[in-house]
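As written, the chain order gives the labels A, B, C and D, with residue 1 at the start of each chain.
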Amino acid sequence: MESATSTKRTSLMIGSVWLVLTLVVLTIGFRQALFLSPTDAEQGDVGRIFYWHVPSAMLGLVFPYINFVASLAFLYLRRRNPLAALTADAWAVAAAEVSVVFASICLVTGMLWGRAVWGIWWTWDWRLTSELLLWLLYVAYLMTRRMSTDGQTSTLGAIISVFAALDVPLVYFSIRWFRTQHPSPVFGGGADSGLDPSMYPAFLWNVLAWLMWGGFILAFRVAVERRRQRLDQLEGLRMLESDIDNFKLGGEPERGNAF
Amino acid sequence: MQTTEQASPVATTTPAAVLAGVSKLFGTFAAIRNLSLTIKAGTITVLLGQNGAGKSTLLRLLAGLTAPTRGSVTVLGDAPERRRGRIAYMSHAPMLYDELSAMENLQYFATLNAVGGGCDCVGSPEMALRAVGLDPHLAKPVGQYSQGMRQRTSLARVLQSDPEVLLLDEPFSNLDVGSAQHIVELLADFKTWPIHGGASGRTIVLTTHQAHLAESIADLTLTMDRGAISR
Amino acid sequence: MNFYRHVMAHLRKDLRLEWRSRDSMTGMLFFSLLVVVVFAMAFDPTAAVSRQISGGILWMTLLFASTMALNQAWTREQRNSVLDAQRMAPASAAALFFGKALANMIFVTGVEAVLAPLFTVFYNLHALGQGWLLLIVMPLGTWALVANGTFFAALGLRTRNRELMLPLVLFPISIPALLAMIQATTGILTGEIEPDLWIRLLVVYDVVFTTACLLLFDTLLNAE
Amino acid sequence: MHFEGMSAMDARHLVLAYASVALFQGGYFAWVVRNWLRLKDDEKKAAKPVE
């Protein structure tokens, strides 16, 4: 018990320090992006959206991989080592949620930028479309978890995750072919092709900041999920130990038959 | 039937089933609580108890249809999922297609049970149906059968797979006294069927409310209460 | 060999069940007919326009019709807990999946066979590209829908809201296949796009996802 | 940067973009924190002996 509380305290401390550092870097990134980086000649100030949009897009592609690897680990460990499998599941669900958050930001900032620069909110360009589908796939993953019956959530989630991971590259390439055959007029100019060296500091600070933030929120979410799992187990144990008071007479006779 | 006679089963062989500290939770409902039990091969175990006492869940655990929340279940020396085909399970539900006739249902499951060059002579659908007292040539779909007939078809389904471990959930529930008595005799007879492959005897675990019916054949009678064995 | 025998047993059984009730076939057929008529009234298609849109309408019709039918694909197994008996049998779960998927494939193909002449009549169709390629595109596209659909319908059994679950998961996952089949069909009808790239994508999609379904079906069936 | 007034679309959209980032990340963070605190309460309750 002594060591358990001390490790808890250590991880809490590491977490807080990490959070403070992240906030500092986020502030630097914010200042760089808004005040120090030069205004884009073509796009004006709205071009600064780039510093949030692109890091979010990049991270939105990283977290699905974590989800996929964790899901595979879960499927492998499910019968062999149920406790380790639970940890893998915590990582999977956290990574999926964080993916959806970053993909949502990517979509919304992208739309705001598009309206100001292209004059339209949305175009079915391959990049936008694939990002939207990525978002849809991981929302479907989270919905499946929500709707699944007790005790099967993790397995069903892991299965959907494998399908989603197989789907993403196919979506990416197919939509790219599709939209290459009908080039969208808005993407003729190549407004963001190449990165001016003057933009580097702001861009890199923001990538670092959001990477740190992403790592923090992922680890935090995993910790919460682990805690929830432990509480669940504790509750189960209590149910087993408490004898009569929790027992509903004649309760759930059909349970055994539920498929 | 196989003609090679087996020597009388040796008492000190692997048990048919071992449950070690098994608990099963459905959400916050504890269906089985920390249950440990060894079922000897070649015996008939009768489980008694009220609705919700955990009898059905225990059978489903033994069948490998559901995994224990804690503890381990071993049937015929391995996890029940790896002993498919050697365990048969009959539940409250008939586990048959309503639209097919008894014969069609049984033939379908016979194909599924045949793996490799399995001996087709044992457990042919026709013999199984005759054994439970049904006409194999009845063309009516199972959905139009009476409760009792469906129950007997369901029993034929499990018997034809020639299982070493037979799990029966309320096998007498919808039967009149005569046919229930007939089934009891059939089960007693089933226990003596020879097995190819050197196993040490057929094992039956059944749950029932009608204790008086099963008493005559039971080697062991257990009463379950709130997910544990009380007697 | 065992696998083949078991698949055939499942398939035979499913065909027999469908023959006795004809539920999903009649349902799908009438639904598709309704969609075709409603779309035709909404767009009042001329020959040139209908070539552009009918590929999309055809596949959307089939997608919705087959989703409707696939939602019911496992109800018979669920009703009397037949699925438990199938899980207990030593036959592989993949065979169960494959047999059911083949049966659904046959049903949807039957619907297509009736739908194709209707489409030609109502939309004044006449392929400008190589019409025979449709004979490749249709089965490939149908299999893409049916294989995933059968799998996710079984997944839906393990959730609280089966009817809602299937489209929720099936549609996003099928997007590349849908895109490929619609593009290939439109390409063939209009003669403007070369369909072979899309056909190749469909083949890749079918192979990848059929493999995934076969490998994961056992896990799905024994998720409990 | 120089705000030439909020009426210009690019300035407005830049602010909106920043607000949406803060909303999504902050909202998710708040949600996780809320779950964390709630679990903490539950844990305390669970630690108490059964009455």
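The rule is short, and it goes like this: contacts are C-beta pairs under 8 Å (C-beta built on N, C-alpha and C of every residue); 3 or more make two chains touch, one makes a residue touch a chain.
Given the structure is predicted, the values throughout are model-derived calculations rather than measurements.
Chain pair with the larger contact count among A-B and A-C is A-C, by C-beta pairs in contact.
Centre-to-centre separation of chain A and chain B, using mean CA positions: 47 Å. Work out the mean CA point of chain B and of chain D, and you get 56 Å between them.
One inter-chain figure worth recording: chain C and chain D are separated by 42 Å, centre to centre, where each centre is the mean of the chain's CA atoms.
Annotation: 31 Å between the Cα-based centres of chain A and chain C.
In chain A, 151, 235, 257 are the positions where the chain touches two or more neighbouring chains simultaneously.
Residues of chain C in contact with two or more other chains: 81, 84, 224. All chain pairs in contact, by the document's touch criterion: A-B, A-C, A-D, B-C. Those residues of chain B whose C-beta lies close enough to touch chain C in the complex are 63-67, 81, 84-85, 87-89, 91, 93-100, 104, 108-109, 111-116, 141, 157, 161.
Note for the complex: chain C touches chain B at residues 2, 5-6, 9, 12-13, 16-17, 20-21, 76, 79-82, 84-91, 222, 224. Chain A makes touch with chain B in their complex at residues 150-151, 235-236, 239-240, 243-244, 246-253, 255-258. Residue ranges on chain A touching chain D, taken from their complex, read 34-35, 39, 43-46, 48-49, 52-53, 56, 97-98, 101, 104-105, 108-109, 112-113, 115-116, 213, 217, 220-221, 223-224, 227-228, 231, 234-235, 238, 241-242, 245. Looking at the complex, you find that chain C touches chain A at residues 78, 81, 83-84, 148, 155, 157-161, 164-165, 168-169, 172-173, 175-176, 179-180, 183, 193, 197, 201, 204-205, 208-209, 212, 216, 219-220, 223-224.
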